[in-house]
Every structure is written in C-alpha cells, then in structure tokens.
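Multiple structures are listed underneath, in structure tokens.
Below, subunit A partners subunit B and then partners subunit C, in two separate complexes.
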Partner chain A sequence: MESILTLLSAGILEALEPLNFGMILLGCTIGLLVGAMPGLGSVNGVAILLPITFLVPPTAAIIFLAAIYYGAMYGGAISSITLGIPGASTAVATVFDGRPLAQAGKADKALTAAAIASFIGGTISIVLFTLFAPPLAAFALKFGPPEEFALMVLAFATFIGLGGDDIPKTIFSILIGLVLATVGLDIISGQPRLIFGDISGFLHGVNFLVLAIGIYGIGEMLWTLETTKGEVTVHKVKMSIKAMIDNFRDVKSYIGTTTLGSTIGYFVGTLPAAGATPASLMSYGLAKTFSKDPESFGKGNISGVAAPEAANNAASTGSMLPMITLGIPGSPTTAILLGGMIIWGLRPGPLLFTEHPDFVWGLIGSLYIANFVAVVINIAFIPIFVRVLTLPFTILAPTIYILCIVGGYAPTQTMHDVWLMFLFGVVGYLLRKLNYPVAPAVLAIVLGPLAERSLRQSLLASQGDMFTFVERPISGVCIFLALVLVSYPLIKNFRARRSAKAASQS
Partner chain B sequence: MRNTLKKYTKAILPAVVAISTAFGVTGTAQADWSPKKPIELIIMAGAGGGADQIARLLQGLIEKKDLSTRPFIPINKPGGSGAEALRYMQDKAGDDHTVLVTLNSFYTTPIIQEGIGVDVTKFTPIGRMALDNFLLWVNVDQAGITDVDSYVAAVKAAGKGWKVGGTGSGQEDSILTAMMENHFGYEVTYIPFPGGGTVAKNLVGNHIDSSVNNPAEQNEFYRAGNTKPLVQFTAERLPAYPDIPTAKELGHNLEYYMQRSINGPPGMSADAQAWYINLFGELFNSEEWQTFCVEDGLACEEYLSGDALGAYHVTEIEKHKNLIESVGAAAITGE
Partner chain C sequence: MTVRTAELLTAIICALCSIGLMLKANELNIGWIDGRGPGSGAWPFWLSAGMLFASLLTMFRWFIGATPESRSTELFITRDRLMIVSISAGSILFLLVATHLVGIYVALVLFLLFYLRFVGRHTWLLTTILMIGIPVFVFCLFEWALKIPLPKSFTEPMFYPIYDLMYS
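== the complex of A and B ==
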C-alpha cells in the first residue's frame, strides 16, 4: 500500500511537470471538443492527432492521449444536452433528460450537473482503481460468457420501468431494438442475416449511433417543426453568478444516484465485454427505478443527467484496467492508447503493473490531474455552450441536420447509414406521436449483440444446458438481482394500489 | 458553442495539417502516386488480437517515421470470421485509400461462406509482413496436462465437454482445431470469440479448456505464469520457445502457419500499389518491425510483394481448399 502511494504521488508529480501539464490542458480541451462533435469522437478524430504524440517524450504522449480520452467523456454530454444529438454512444442516456431540461431553459443546470457528476464519477473510479486494481483484474477474469449474459439480463432488468406504465408498448420497443440488433453477419456461423436481399450496407449490422442520432436528432427536429409550426423560436437563457452557485447547490439532490452510478460504472467498465455505454444506460435505469419521483424521468429530471454521466466517466477509467492487464481495449479511443503503448515497447498484460509501475502509476496520476482540469475547463465553457440555444431555430435546425448527417456517416463512412438514420428519424417521430417509448429500443440495440453472443457461447459450452446461468455463483447472483429489480416496480405498484384502496375504503 | 468550436477547429486543424505535411513531404513518395486522404487500414479481426496489434504497430511506425502524408486509420471489421471486412474490400473496388491486414481467413472464409461473393485472387497484393505461428495452450491450473499425450488423453476423457476457444468458424484456429480432431481422433466443442485477445483472456479465466493462440496473444500471460504452451505447430522450434517441442518432433504431422499480409481492394491503381509496396517494404526492413517479429515469435525473413504475393495467395488457397476438403467443412463450421 505504502509503495502504491509513493508511486502514485510520483505519478501525480510527474503529471504536474510543465510539459506534461501542458499536454493535459491541451488534451482535455481537444477531447472536450472532439467529444462534443457528433462523429468526430470516432477513431478518425483521434488518429489524426496521433502525429502530435511523436513530437514529445513517450510519457507526455501517453498523458496527452489519456487526457483526450478523458476530455471526450466530459464532452459527450454537451451536444446531448444543447443539441439533443448524442456526441458519442456513451452519452445517449444523457439525452433522455438533458434535452428536456435544455428546452425548459435549464441548459446551464443540466451542463453543470453533467460536469459535476462526471467529476464525481471520475474521482470515485480513480480512487477505486488505485486501491483495488489488481484484485479487480483477477475478478474480471472470472467473467466468462455465462456471467456476461447474466450481466446483460441485469442491464435489461434495470430498464424495466423505463417505458412508463404501458408495458406492452415497452416490450414492443425492446423487440424492435433486438430485431435491429440481429441484422448483419451472424456472430457464430458468419452467415448474413436480415440483409434484405443483398444490401451490403446491412452486413456490418445496424450501427447503434445511427439509430440514436436518427431517433433523437432527426426525430426531435421533426417533432419541434410540428409543434412550433415553423415559428421562429428563441430559447431564453439567463446566466448569472447566482444561478451558477444555485446550480452547484443542486449537487445534494443527485449525489446519491451519482455515487451509485459511479460505482456501477467503474465495475462494469472493468469487464472487457461491457464498457461505458451499457454502464451509463444501467445507471440511468437504476436512478429511475430507485427515484422517489420516477414519473419525472425523461421529462427533465436532473438525476437523469447526473446518473449516466457519472457512470460513463467511471467506466472509462474502469476500462483502462482490461486494457492494461489484458490488452483488450474497450473503445476506439482506448485502442489508440493501446497502439501508443505497443509503439513505445510497452506490452499490455498482467506483468505491466509489476514491470513498468512508473508507467502505470504515471498514467493513473495523470488521470487524477486530467479529471480536475477537465471539470474546470468544462464549467468555464458552460456560458458559451448555452449560447447555442439562443440561436434562432432557422439557424439551429439546419446545423443540427448537418451534424446528424456527419455523425451518421462518420462511424462506418457509408451513405447507407445516413439514409438509414433519416429513416429511423421518421420512424422515431411516428413512434413518439403514437406514444411509444424509444429508449428501450436504443438499449436493446446496444445490449442485443452482447447478450446474443454471450448466450450462444454459454449454451455451446454447456451443451445446451440453461442451468449454467444459475449454477455459476456470479451469474446466479446477477440473475437473482435481475429478478429482484424486475419485481421491485411491480411490488411498489401493487402496494400503492393497496394503500389507495385502503384509503378509499376508510 | 458552434462559434467557439469553429474557432478551435480553425486553430487546431492548420497546426495538425502543418505538422503532418511538414514531416510527410520528406517521406517515401518516390512513386508517382501519393495519398490524397486518410487511408483506412481494415483489420479482419477484433481489437486486441494478433492482427489488431500488428495493424496498430504499423500505424504508429508509419506516423513515427513520417512515411505517409496522410494518416492510416485502423478499423476493426471482425464480423463473420472476416467476411464483413472482405465484403467491404470487394465493395471498395478501384479505391486507392483502403488496405486490408489479412489473416488466413482471407483464404478460408470465401471457401466456407460461398454466399459472400468475394474472390480474393482479384484483390491487389501489396506485401507479406510475416508468417505467424501457432502453439497449443492450456491454463496452468491443468496440472495433469504436461505434454501432447496427456492433453489428448484429457480431451478424449472429456469428449464433447472439452471447450476449445477460437476466433470464429472458418478462422485459422478452427482449421487447426479441425486438423487436430482429425489427426488425434477426438471431437471438441469449438466456441467462437470476437478476437484472439478475448480467447486468451477466457483461457486465463478457465472459461475454455484450451486454445491455439498465436504467440503474441499469449506471451504476456505465459510470462505471468497463467498459461502454458504444450506444442508448436512449426517446422522448427521458435527462438522464443526453445523448450517446447514441435508436433513434427513428436511424430505428429501437424504444421500450420498464418500469413499476415497487406492487400488492396480489387482494381487498385498500379501507381498506388507501387507506393504501398514501397512503404510496407520500408516498414518490413525497419529495426522496430524486425524486433517485434523476434519478440512475438513471428517469422519475418522474406518480404513477398506484388505479383509474388499474388502467386503465393493462389497456392495457399489451393492448400486450404484441400485442407478443408480433407477435414470436411462441417468439422470446421461445427454444423
């Protein structure tokens, strides 16, 4: 323990050296902007920046890449809240409540909450990383296919209450998402599925960002066009020091969900199969399930912004663990980081911690610093970000359309996905008109492929025996927790009805 | 926000462009062609596996040595044992800004999955970077398994309950697994994972019983004492594993290699092909690449390029057709 503290403080001191600190400042700022721009957050944006890392020593370069990675996690929330387009897949859950808050003129509140929650999530996860990295790395190894599948079941369970009261419509929405998730090449046999004859654009499946940007970006615009009937509207945004201080006071109201979200996020992030997107969705689902006021979620509840943001930041720190100890990157940006390590002769693996402690702890030390820097930069920029909302709709709407197209095109670089995105936009708008919840479909398309793969791997391994999921301790616990989560809203509902009945009888 | 964003992109982009061009123009653009936009480096396997590590190392070396005026951007397309990547390349016919890092599924996937409509002999061969090797790995917890004989005995005792992890039906590891089933006369359950790194992780976590990983994928776990190799499927012992016997030494005629080469889509222009052959040749001869080969148990003696690589592909495809016929496609796909 003592040696860890020595190494860590050495790492932090190293991160504070002028060049390294400069790289953190630059990296966080670039990351914030890359994360905020839909599509730029993809591999492209970071790969273009790779040459910069060869101008500085390896440590500074890794710190720079880590700072970009960190800044991007903060940045994702910005376009989710102000424009209603998720800047990255990890920030989709932030749209659910961030956008309604912005429309109600509370964008500054939502952005502050996102920044603070990200900071809390980052801090909790870095501390957990510092204290428990080796045992958690060992624990992550215990996660085989059955455990992964059980975790996915748990993730679905956290979303059971998300669709509101209309259970059939929620199930319908989940099923649409699951069907879309099966499009593309079969993960086991490699045969094409649901490619509509032979449309090659479907071979790579339906990209989750295409669905999310279509439903939330395009669908939302269509909805706004209808409700405003083309009237030019301008959101009022008031910013004052007093309002900012009030925003900070809000922390009290979401500190609980944030802490829970951070812990879940970190834990889910350390599992190589999962990552920040499922983590943020799970955290959102749990925040809603355990909220005193679940009805307000999706309509602008501040906890609905804080919970996913805390979780995705925590998960991004968590996913450093499988990258360092197993060499399995959890995201395109960690993959770049991995590439950087290989070039500098550092091989990820269980021995990296013991053979290159200076590197590992230097990296962790820089995360501490980057977390502080990112939150300060983010909050300083909030007054500028909310200005976006003061733009007249006639300027904002075309800009959003363009950003949607860029965001839909960037991940796979095919026009096929752009057309698909427009289609999802129209469908999303119609579903909204008919009062279908769309969030469950988004969840299903993220978790569907993970769940399908792990289910089929488990059943192959167990020779078709379903009991493998309950016999193994970790997956058994996950399945049990999932059952509890599913029944919790039902019991709550039942109790509420009974007490209402009792009240009416007396 | 848009305005600030613009301001920043305005400030950053020229700087990035300036940096990359300043170094790029001194690169190796001897051919008449040079890239006009970022080049997609398609990887037909998942993140963290052998092909992925190689692609990312090459990307970094290209940047480090300023060999290209435009960046190489690695993109993983692991779906359907590489079918997704192959089809993507086929659809990119005539494109000069997309290259593919191959595995042997470059040969096997089009043979097994006829439906994808890909003819790899039409692809543009660029350069073979290495021949990769295979070893048989088990977790060190399998104390009773110390050599091939005890391994075969354990597998036979377990029957279909023995789980072999791999990267997908039709991938090279599934071929080698089928070759072993055929040779030793046992049957196993083959479980596909999205990449060699994930296979290695699942072996360390005891979720599978054995694997035929490449050295690069298992080396760190071997050094950490998590896994152990039993036998190598090479002609001679690798310098990195001097104490592990080859299958041939033990009288088992099992030898299998995997080429790791760079190929363009069908109909790439000759000038672009020449530029890539030159660029990857320079990388092949670099000290960094040769060191990587030695450390990671790859064979990198000869740089096959252009037509010579194309001819090599043709003979390998024939070899794989025969292999697949002799073990039966069903043994590989598990159907």
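== the complex of A and C ==
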C-alpha cells in the first residue's frame, strides 16, 4: 500500500512537469473537440495524432494520447446532448436522455451532469485502477473466447429485456448490425464475404462509423426536420451562474447511479472484448432498472445522462488496465496506444511495471491530472457549446450534414463509405418512423467482429459443442443472466394480460 | 400510403433482404470444416436466418394487430412533411454527386448557397460569410490539422499554392 502511494505521488509529480502538463492541457482540449465532432472519436484523434507524438519522449507522448482519449470521452457527451448525434459510439447511450433534455431546453443541465458524472467515473476508476490492478488483471486473464461471447450475448439481451421496444424489431436491428459487421474479408479464413454487386468498396467492410453517422447524423436530422417541420429552430437555453449552481446541486439525484455505473464501467472496460460502449449501455440499463421512475428514461431523465457518461469514462480507464498489465488492448483506442508503445521501444506486459516504472506511473499520475483538467475545460466551455443550439435550423442542419459527410469520409477516405452512410441515413429514418429501434444495430456492428471471432474460436476449441458456453462457469452465468433478461418482457407481458383478464372478469 | 401498409411492406422488404443475405452467405461454406471450425459463411447465414424469423414474426404480429403501427390508418407521411424531408435528402444527394464532379470544396459552396439562401432565406451577407467560412474551416481542420485529404476532383491544381504554404 505504502509503496503504491510512493510510486503514485512520484507519478503525479512527473505528470505535473511543464512538458507533461502542457501535453495534458493540449490533449484534453483536442480530445474535447474531437470527441464533440460527430464521427470523430477518441480512436480517430489518437490514430491521426500518433505520428506527431514522436516529437516528444514516450512518457509525454502517451500522456498526450491518453489525455485525448480522456477528453474525447467528455467531449462525446457534448454532441450527444446538443446535436443528438453521438460524437463516438461510446456516447450512444448518452443520446437516449441527453437529446430529450436538450429538446426540453435543459441542455445546460445535461451537459453539467455529463461532465460531473464523467469526473466521478474517472476518479472512481483511476483509484480502482491504481489499487486493484494486479488481482483484476489475473481475473480478466481467465476470460477465454466462450466468456467473451457470452458477455456480448448478455449485452444484446439487455436491449431485448430492458430496451422497451418491439421485440421482433429489436432482434432484427441487432442481427442486421451483426450481419453488416461481417461484410468484407473474413477475419479467420481471409475470404471476401457479402461483397454486394462485386463493389470493391465492400472489401474493407462496413465501418461502424458509417452506420452510426448515417443513422444518428443524417437520419436524425431528417427525423427532426420532419417532426418539427423545420419550424422549431431554437431549444431555449437559459444559462446563468445561479442555474449552474443549481445544476451542481443535482449531483445528489444521480450520485448513486454514477457510482454504480463507474464501477461497472471500470470492470467491463477491463475486459478486452467489451469496452466503453457496452459499459455505458449496461450502466444505462441498470440506472433504469433501479430507478424509482423508470418510465421517465428516454424522455429526459438526468440519471440517464449521468449513468452512461460515468461508465464510459470509467471504462476508458479500465481498458488501459489490460493494455498496461497484460499487453492486451481493452479497446480500439488502446490498441493504437499499444502500437505506439511498441514503436517507442517499450515492451507491453507485466514487465513494464518493473522495467519502466516511470513510464507506467507517469501515465497513471497523468490520468488523475487529466481527469481534473478535462472537467474544468469542459465546464468552462459549456456556454459556448450550448450556443450551438441557438443557431437557426437552416444553418445548423447544413453544417451537421457537412460534418457528417466529411466525418464519414475521414476514417477510410473513400466516397463509397459516404454513399453508404447516406443510404443508411435514409433507411434508418424510414425504419425509425415504424418504431424499429436503431441503437442495437449500431452496437451490433461495433461488437460484431469480436462476437464472431470469439464464437468461432470457442466452437473450434469445443469441436462444435454449443454447450461450451453453458458449461464454463463465468460464461454460464452470463448466458443465464441473458436468458433471464430475454424472458423478462415475456413474463411481464403475460402477467399484465392475466391481471387485465382478471380485472375484466371481476 | 397508411402506416399500416408501410408496416407490412417494410416487414416484407426486410424478409426479402434477409433471404437475399442468406443466399449471398450460402455462396461461402456455411457448414462445419474439419479442423477449421465453422465456415466463413455460417455466422452471416444464421444471423440472416434470424432476421428472416424476426421479419416473419413482425408480419404475424401485423396480422393479429399486435403492434400500434399495424392498427394505425394514418398517412405514413403527409405531403408537406415529405417536401421538407426530400429537400434535405435531395440536397445531400446533390452534395455527394457534385463532390464526384467538381470536388468537395466547390460542392460545399454550392450546397451552402442553396441551403442558406434558398431554403433558409438568410441574408446575402450571412450566406457569403458561411459559404466561404465553413469550407475554409473544413479545410483547416481536416487537411491541415488532421492531414486527411478530401476529394477535390479536377479542382486539385487550384490547391497547389496552398499545399506549398502548408508543407514548406
């Protein structure tokens, strides 16, 4: 314990050195902006800016990239709330309640809650990261492909059990997302799959951002235009010091769900197969389940913003744990960080703690500082971000379309993806009009490649025996919980009908 | 078209798409390969089969009138709403086609001119400022800061002097 504190204080002091602190400030600011832009998330920012970090030493470089990662987690909420478009997949769940709050003129409330919840999530997860790294890493090591797959089944089951949407339509949405994820080269055999019309653009697969920006960018805008007839331009936003203080007082109402969400987010984040997106969705689902007023979720409940935001920040810290301790990335962003470490001449793995303690503890120390810096910058800029909504719709809409199109082009730099995004936007809008939930499809396309790989590896190991998922204790528990979740709405429906029958008879 | 008709039509289209995906996946091996596990078509095939099942379930629920959409005889979309949506969707379509023809920056200027001046009826001053400001911002952020070259078609040579400034 004492040695951890000594190492940690040395790490924090290292992070406060002028160059490192400057990197934190710059990284958080860039991260916030990148995160706030629809289509560009932490993974894009980190990937694009990785080459320029070779100008500084490895410790400063990883501090800079980790700060971008952190800032982007805060920033994702900004566009989820003010524009109704998730800045990154990790902020999908923040849209569910963030958007209704902004539409009700409470964007400032939602943004403050997101920032504070992110701070709480960050703080809890960093403390957990520092204290419980070794035993947790040992636990996560036990996860084989069957457990990874079972965990993803559980994540999808939460949509069916707790989503509250039409069940066959929810299932359709999940499955189409998973199918879209299989387009392109097969990860195991290398064979091209589902190359529609032999168009070469499908060979690199369907990037999840293409679907996400299409649905939440273009589709959402069309939806908004239709429902408001383009007439409603401004969501009334009141900003004052007094309102700010009131917003801070709201913390009481969501401190419980944020603490729970942070802990869950951290644990889910440490698993290589999962990460910030399922963590935030799980946290949202749990906040809804344990709420006294679950009906208000999706209609602008402040806890619905706080819970996923706390979880995605906690998960981003959690995903660094297997990267640092085991050399296994916990998320796409940490995969790029890992690649960077190898280029910097560091060997990721348990030996890093003994061979390069200054690097490891400098990074951990920087997380404490970055968490604090990000919340300060975020809250200071809230009035500016909220002002985005006071723009007339005929200025906001084309600007968003442009950001979507350029953002959709950026990851793969092909016009093919932009056309696909436009198609998804229009189809997504039409399906949404018929009450097909679109969020499960976006989650499914992100998890799809991981789900398929773990399923195929498990089946290969068990020689095609499906019972491998039930026989192993951890995956068995996940599958059991998934079954409970799936049957929950059926039982609820059955009981509701029976009580309605009983009421009509009496 | 009523919501009721649209619901059934969509479920039928979804079912047909699922069948199409199943056939497409069937071009690959959907069975078990000894020593290599499930074939590369197996996962997408069974997922598509699940999609088909979900669509059939939606059709069944349409027949028994279980969903609110299957009982609604309201119009799927009214004429004036259709106009608003198609102006937006059409202008994006125009932006994409124009990007192929004249490059993204010229396309952006034309798109903004149309949207701001003719849809939004903003003043010429504001239209001009945004018409120039937004493409410049996009250029600075993507090409300069993030180093992502955007498609410029035949307008590429016009950017050579700026590249010289940027990379010199």
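What we mean here is this: the second predicted complex is superposed on the first by the 431 of 506 C-alpha atoms of A that agree within 3 Å, B and C clash if a C-alpha of one lies under 4 Å from a C-alpha of the other, contacts with A are read in each partner's own complex, and residues count from 1 in each chain.
Here is the rule we go by: a contact is a pair of C-beta atoms (placed from the backbone, for glycine too) under 8 Å apart; a residue touches a chain by one contact, two chains touch by 3 or more.
Model, not experiment: these values are computed from the prediction.
Asker: Quick check on the superposed pair: does A:Leu483 touch subunit B, subunit C, both, or neither? Answer first, second, both or neither.
Answerer: Touch status of A:Leu483: no partner.
Asker: Applying the document's definition of touch, where does A:Ile188 land relative to subunit B and subunit C: first, second, both, or neither?
Answerer: A:Ile188 sits against subunit B and subunit C alike.
Asker: Of the two partner chains, subunit B (first) and subunit C (second), which one does A:Ile199 touch, if any: first, second, both, or neither?
Answerer: neither
Asker: Name the contact category of A:Ile218: first (subunit B only), second (subunit C only), both, or neither.
Answerer: After superposition on chain A, A:Ile218 lies in contact with subunit C alone.
Asker: May I ask you to decide whether A:Met466 touches subunit B, subunit C, both, or neither, giving the answer as first, second, both or neither?
Answerer: In the superposed model, A:Met466 contacts neither subunit B nor subunit C.
Asker: Contact-wise, after the overlay, does A:Pro398 reach subunit B, subunit C, both or neither (first, second, both, neither)?
Answerer: second
Asker: Would you sort A:Ala380 into first (subunit B), second (subunit C), both or neither based on which partner it touches?
Answerer: Neither subunit B nor subunit C is touched by A:Ala380.
Asker: Touching A:Leu19, do we find subunit B (first), subunit C (second), both, or neither?
Answerer: In the superposition, A:Leu19 contacts neither subunit B nor subunit C.
Asker: Output check: A:Val418 vs subunit B and subunit C. Expected answer is one of first, second, both, neither. What do you get?
Answerer: Once the two structures are laid over each other on A, A:Val418 reaches subunit C alone.
Asker: I'd like to check the shared interface: which positions of subunit A are touched by both subunit B and subunit C across the two complexes?
Answerer: Shared contact residues on subunit A (touching subunit B in one complex, subunit C in the other): 48, 186, 188-189, 191, 399, 413, 457, 460.
Asker: Please output the residues of subunit C touching subunit A within their complex, sorted ascending.
Answerer: 3, 6-7, 10, 14, 21, 24-25, 28, 32, 36-41, 43-44, 47-48, 50-51, 54-55, 57-58, 61, 67-69, 76-77, 80-81, 84-85, 88-89, 91-93, 95-96, 99-100, 104, 108, 111-112, 115-116, 119-122, 130, 134, 138, 142, 146-151
Asker: Could you list, by residue number, the parts of subunit A that touch subunit B in their complex?
Answerer: For subunit A paired with subunit B, touching residues are 29-30, 33, 36-37, 43-44, 47-52, 54-55, 78, 82, 141-145, 184-192, 198, 200, 203-205, 272, 322, 326-329, 335, 338-340, 342-343, 347-352, 381, 384-385, 387-388, 391, 399, 413, 453, 457, 460-461, 463.
Asker: Where on subunit A is subunit C touching in the complex?
Answerer: Going through subunit A, the ones touching subunit C are 48, 166, 168-169, 171-172, 175-176, 178-179, 182, 186, 188-189, 191, 193-194, 196, 218, 221-222, 225-226, 229-230, 392-395, 397-399, 401-402, 405-406, 409-410, 413, 415, 418-419, 422, 425-426, 429-431, 433-435, 452, 455-457, 459-460, 464.
Asker: Any idea which subunit B residues touch subunit A in the complex?
Answerer: Interface residues on subunit B, with respect to subunit A: 1-5, 8-9, 12, 16, 19-20, 23, 38, 40, 47-48, 52-53, 56-57, 59-61, 63-64, 71-77, 79-81, 83-84, 87-88, 91, 109, 112-113, 115-117, 160-161, 163, 168-170, 189-195, 197-198, 200-202, 204-208, 219-221, 223-224, 226, 333, 335.
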